[in-house]
Structure formats: C-alpha cells, structure tokens
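In the two complexes below, chain A is the common chain; its partner is chain B in one and chain C in the other.
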Partner chain A sequence: MKIFRNPDAMWREEDESRDQANQGLETGEDVADIGTSIILHSGKMHSLNILGTEIWKLLDGKSLDEIVASLQEGFEVEEEVLREDIKTFLSEMKEEGLIYEE
Partner chain B sequence: MNLKELAFPIRIYWDLTSEHHNSVMDCKAISKEIVELKFFTLNLLDTGVPLSHSCMEILETLKSEMISVTLTLAPSALDSSTIARLSELNVKEILVNASVISDVERTAELVRQYKNSGITIGVSYQVTKDSYGAIPEAASFCLNNHITRLVFPMQRLTENEDCFYIAREEGKELTEQLKEVDISTMNITIHDPFLWKIFYPEAAFPGGGCQAGNSMVYIAPDGLVYPCPSMPEKLGNLKETTLKKILTADSKKELVKSIRKAPEECRECPDLSGCMGGCSGRALELNKSLKHRDPACT
Partner chain C sequence: MKNDLIPSSPLTVNWAITNKCNFACNHCYSRSDTKEELDLEMVFTILDTLSRAKVFSINFGGGEPLLRKNLLEIARRASDLGFAVSMNSNGYLIDRDMAGKLKEAGFAKVGISIDSPQPDIHDNFRGIKGSHARAIEALKYLKGAGIETSISSVICKINIEDVDGLVEMALSSEVANINFHNFKCSGLGFANKDILDLTPLEWRDFYIRAIELRKKVNGLRISLEDPIISQLGETGEETLVKGSVCGKLSLNIKSNGDITPCGFIPIVVGNICTDDLMKIWNESPVLHKMRNKEPQGKCLSCDSKSDCLGGCTARTLALTGDMNNPDPHCWKNES
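Then we have the complex of A and B:
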C-alpha cells in the first residue's frame, strides 16, 4: 500500500522552528511540542512536530515499511515504537483527509 | 504542538482599488516576494472595471506558482472574456463583491452563466450597518441559487471604513432567522468570532484567536502593510522597503505578541476560549488600546 499527501493540502516547513527542534534533539531535549511545519487544508491549519514533519515529507508514494526504514536512521528509537507512532500519525492524517492510499 | 507564532504569515490580503496607487508600487516584485516567502493563499481585491493592469500583472506573475489565489471583483467586471483569462491565470476562486441583495442576485446570474468555467464563483458579502439585517436573506438566496461559496470579508478599518459590529440582541434575531436556512451544505468563511456565533451558536470559533500579523497580513492600496485589514496599525510601506523586511522587523514581532495576548478585561471570562478575545482591530479602533475587549462582546 502506497501512501500519498493530499495534493490539495498546502504545507510549509518552518525553518527557525526546525532548527530549534534539531538543536533540541542534539542536546536530548523533548522536542515533541515544537511545531516545525504547518499544513492548510479545507480552511483548517494543522501543525506538525519534527517527527510528523519528517513522515509528512516522505508521503510521496512510500509504503509504511519504507517510511519506518527511512526514519530509523534519523531517530534513535526502537523499530516497533517508531512503527506504532507512524501508524497513529497516519491514521490521524487520514481522518483529516490529508493523505490517501493506493 | 506549539506553532502559535509563525515566522511568516501564510495568508495575504491585497487590495488594489486605485490604479494611481498601484502604478507607484512594483507589483511584480511584491508578487515574487510573496512566492519566496511561501504564502499559501493570496486574496486579491480589485473593484475596478475592467480589472487593473496591476491585478493582471500580479496574476500573471503567480500563475505557475504554488499559491492559491482568490480574486474579489465587482459584479460588472465579470464577463466571458475576463473569466476565460482568469481561468488561464490559475485563479482558484472568484468572489463577487456584494453589499446589497441585488449584487447577490447578479452573482446568481453569473454563476448560472459560467457554471462550466472551472472556477468557483461565490459571494463576498460586506457586513455593514445597512446590510447586516439581510444576512439571512443573502444566505438563503445563495442556497436556493446554487451559490455554495459565501464569504463575509473583514472590515477595512485601515481604510477609514466605519467600524461596525452586530449587537448581541440583534445577533440573536439573526440566529433565529438563520435556523430556517440549511447552511450545512455551504462553504462559508467568517472572520469575526461574533458573526461566527450568529451562524454557529454551538460551535467554537475555529480561528485560534486573532491572527493579525501572525498567519495573515494585509497590503492596502497605497502600499502600506498592516497585520490585518481590520487592524489600523501600520507595519511598513512597500514603496520604501520589502515585505520580508517588514515581516521580520522587531516592531512587527512585538505587535503580534501583544495582539495574541487576551485583553486584560477578558482574562477571567468563561467565554474566552470561544471568542479568544474577539477582533483586536475593532478593539483597537474603538478603544484606542489592545488592553480592552472587543466592543462587539456586549
């Protein structure tokens, strides 16, 4: 199953916030609450943290396995934990109509 | 997640109402900056007939860019050649400027005439002391005439427009009248949290508080930049500097911080989570301070 971003959703990565989150990751801080990108769809604004943003950027037709493999290189977390986080994120995105599967 | 303060806004409102002012601004350069700063949406207003040279130049510059453009124009500016041209220029949505019911009726004719144009045509209904009473009639007319897009634009308080709001009792009457109109199938945009409450008394206002200068910014016809069309506090002048410099200035950041704080007299209010302090521009215009509540909260 390949996963795609909804092409109608407009999105932008926030450079300053991303740099702040990356700095936090290096020093071991909790960066889950730092929004690093915004998505606008159907008049609603969504904010993603750094993990959400990295997942979002990979949604160009990759499968769940490919996304997990790709992110495991950048995030020091067990594969099963990461997979569950990604599945939860994708489920929320699907509910908001932000992604579709083929 | 915390992304309350954006580095750059995502929505830009740009009014082009005077060819004289337009001609002294470099509209093409400003359009390119809008693309560079990654705005998501441009809401262009040009009430001239025909549309100004500047308007066409802006649309031409943006036609292949990743930005969603909505154009608000006068009913008489829309003819078959204009709509064909706007379609080529990738305009996503056309809103017909309406201040009386006859303008809405004219829009219905245009929607019928150009239903296969590929562009959404809707109504931008200005709420004033003379027009607010007809809001339910306008909504009902739209619903019955296949106009599914209805926008209530922000007041242009930066342009000395009369500051107007609907008193609570009058709002309740409008809510009662709107119960007769099934607005659930319509795509309605409302910027004013108190007007929102008239339409959707049970639903929380979705805007996340006043977005002046944060997710939105406004360019007035004379090139002055404001946080919002309803916020009469100048951020800079595009005839003297760039949009990026205006948006990254410390003075702009300070202003946005003070706008995003709930007014002091609202902080203990149980309804604060619903209105988020109301319209800061209206509060500033009528109270001359951001510390007091929006007078529409009566």
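Then we have the complex of A and C:
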C-alpha cells in the first residue's frame, strides 16, 4: 500500500522552528510540542512537530515499511514504537483527508 | 493574552488590488481609501516577494477586483507561482464567458457578496438594482466553470431576521461555503453603525441560531469568523491561533501597496513596495501588540478569554480606540 499527501493540502516548513527542534534533538530536549510545519486544507489548519513533518515529507508514494525504515535512521527509537507512532499519525491524517492510499 | 504559534510569515494575504467599484454599498469600508493602483510590473514583483515568503494563498478584493485592468494576467501569474488564488466580488460582471476566463486564469475559489435572500433588500443595500439576480447568476456560472463558490453575507439589521433564509439561499445556490461576517465599523460601516449594527444581545442570539444551523445543515460549511463565539462553547478548532487571525495568520495589502493588519484596521504598518515584508511581520510594534493583547475590563474575569482574546481587534479599535478593550459586541454582563 502506497501512501500519498493530498495534493490539495497546502503546506510549508517553518525554518526557524525546524532549526530550534533540530537543536533540541541534539541536546536531548523534548521537542514534541514545537510545530515545525503548517498544513492548510479545507479551511482547517494543522501544525506538525518534527517527527510529523518528517513523516509528512515522505508521503510521496512510500509504504509504511519504507517510511519506518527511512525514519529509523534519524530518530533513536525502537522500531516497534516508531511504527506505532507512525500508524497513529497516518490514521489521524487519513481522518482529516490529508492523505490517501493506493 | 498570547498565542502559542505565530507562523514565520503570513499564510494568507488579502489584497485590495483596486478600489474602483461599480456598487454603492451602505457599509463599504474602502470607499474613501486611496484610488492609487500599482502598475503590473510592481504587482508581479510583489507576487515574487510573497512567494519567497512562502505565503499559501492570495485573496483579491477591493473595490471590485474585476475592475482592475490585467486581473486575469495577475491571477495567472499568482497561480503559476503556486498560490491558491481566490477573490471576493459582487458578481455583477461575471457571466459565463468571464467565469471561464477566471477558471483559466487559475482562480480556485470565488466568493460573491449577497446580504439578503430578498432581492429588493440586497439591491437597496448594495445600491444597484438587479444586483441580487446578477450575483445568483454569477454563482451558477462560476460553479459551471468548475470554480468553488461561496457567499459572503455581512450580518446587520437588514438580514438579522432572515438568517435561515440566507442559509436556504446558499443551499439552493449549491455553494461550498457561506461566510457570516460580523459587522465591522470601518469606513461607511462606522458612519452607518447606528442604523446597521446589532446590539450585543442581538449578536448573541444570532450566533446561537447560526451555530444551531451549522450543526444541523449538511452539504454547506457555515463560517463564523468571530472570536466572541467562544463564549458559546465554539473553540475555533479550525485555526491554529486564538482570537482574531489578523496580523497572526494574514495581512492586508491596499491598492497602493500599503500593508495593514487587516482590511478593517486603518493602521499602516509598512508598504510592500518599499519595505521588507519579513521585517514588518517580525518587528512591527502594531502586530506585536495585536499578538499580545492585554485583557481589560470584563475580559479579566471571563472564562473564555484564553480562546477569545478580547474578540475582534478591528471592531474594538474602531469603537473604543484601544485594541485591548473588550469587544463592543460581547454580550457578557449585558442585559
């Protein structure tokens, strides 16, 4: 199953916030609440943290396994934990109509 | 009263591309605005500036944007740069041919102003006979051309008894959205506020009904942009910020390039032709104040203040002279 971003959703990374989150990751801080990208779709706005943003950027037709493998290189977390986090994220994205599967 | 997230640049820019107008509306906020217009080359330069700032969408207004020479060319350029392009129009100049041209130019959405389901009331309010019929026709042509349509209605004395009728009109016109705009006391709206604006308790009753309709009606989005509805348990979950979005998610450009926080706040914070947009966005003392309003008066003890943030900044500023004051439309402690 390949997963894609909804092409109607407008999105952008927030450069300063992303740099701040990356800096936090290096020093071991909790960066979960730092919004590093914004999505606008159907009159509704969403803010993603750095993990959400990195998942979002990979949604160009990759499978769940490919997304997990790709992110494991950047985030020091057990594969099963990461997989569950990604599945939860994708489920929320799907509910909002922000992604589709083929 | 601070917001958690202010984007690094505006997400949306509202652009009064011309102030020429073929209507004579009783509540017009821009009638006395500058008639100066930017040339095409400068307009294209501004589009490049907005593109570099990663602005998502541009909404053309005015005046009547269709009276701007080269509007289609401007929209095409904006669309090619990746902006979501929309406009607010009175619809009078949109026939089937124009609707097709707007689609070709890249307009994704067009909003048409209609203030009453009763043609004679709308025509009198807008100052042009036959304007209601032309507006309804415009919606049909736009939809036929594949453009998403919406109706914008300014809520005031002329339509407060006919909110259900406005929703029925929107449903029969098959628009995606109806925007109920709260009455702003800017320009002629200020001069005519005593005969057009509602009392705080009338606003409360309007919002109760509008929220009921929003929950009940299918196939139509009913947009209520007013932060004071947080008192009715509406938390504004569609946006990332609390209170007014002006100056936090969006900016307004006037026809001469002047930048204001929104179209209804006459404070110029810079000019897009001569000043650095990002410097304005990040350093303007006016925007800073709007993003960090200090609660005063009845806001201090209000349970909704963290969501409402004092209500509509434009209205409060126009009617009280201090944006930190409680919104004059707020019905808390009113009887």
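One rule holds in what follows: the second predicted complex is superposed on the first by the 102 of 102 C-alpha atoms of A that agree within 3 Å, B and C clash if a C-alpha of one lies under 4 Å from a C-alpha of the other, contacts with A are read in each partner's own complex, and residues count from 1 in each chain.
The rule we apply is simple: contacts are C-beta pairs under 8 Å (C-beta built on N, C-alpha and C of every residue); 3 or more make two chains touch, one makes a residue touch a chain.
A quick note: this is a predicted structure, and the numbers were derived from the prediction, not measured.
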For this session: Return fit or clash for chain B versus chain C, each positioned on chain A through the superposition.
Result: clash
Exercise. Can A:44 be said to touch chain B (first), chain C (second), both, or neither?
Worked result: both
For this session: Considering only the touch criterion stated at the top, classify A:81 as touching first (chain B), second (chain C), both, or neither.
Result: neither
For this session: Could you look at A:69 and tell me whether it touches chain B, chain C, both or neither (first, second, both, neither)?
Result: neither
Exercise. Among the partners chain B and chain C, which is in contact with a greater number of residues of chain A?
Worked result: B
For this session: Report for A:12: first if it touches chain B alone, second if chain C alone, otherwise both or neither.
Result: both
Exercise. Between chain B (first) and chain C (second), which does A:35 come into contact with in this model arrangement: first, second, both, or neither?
Worked result: both
Exercise. Of all the chain A residues, which ones make contact with chain B and with chain C?
Worked result: 10, 12, 14-17, 35, 38, 40, 43-45, 47
For this session: Note which residues of chain C are touching chain A in the complex, please.
Result: 5, 7-8, 11, 54, 56-57, 84, 177, 221, 223, 237-240, 249
Problem set entry | Of chain B, residues touching chain A in the complex | 1-3, 6-7, 10, 38, 40-41, 66, 68, 189, 206, 208, 215
For this session: Spell out the residues on chain A that touch chain C in their complex, using ranges where they run on.
Result: 10, 12, 14-17, 35, 38, 40, 43-47
Seminar exercise, completed: Within the complex, chain B is touched by chain A residues 10, 12, 14-17, 32-36, 38, 40, 43-45, 47-49, 52
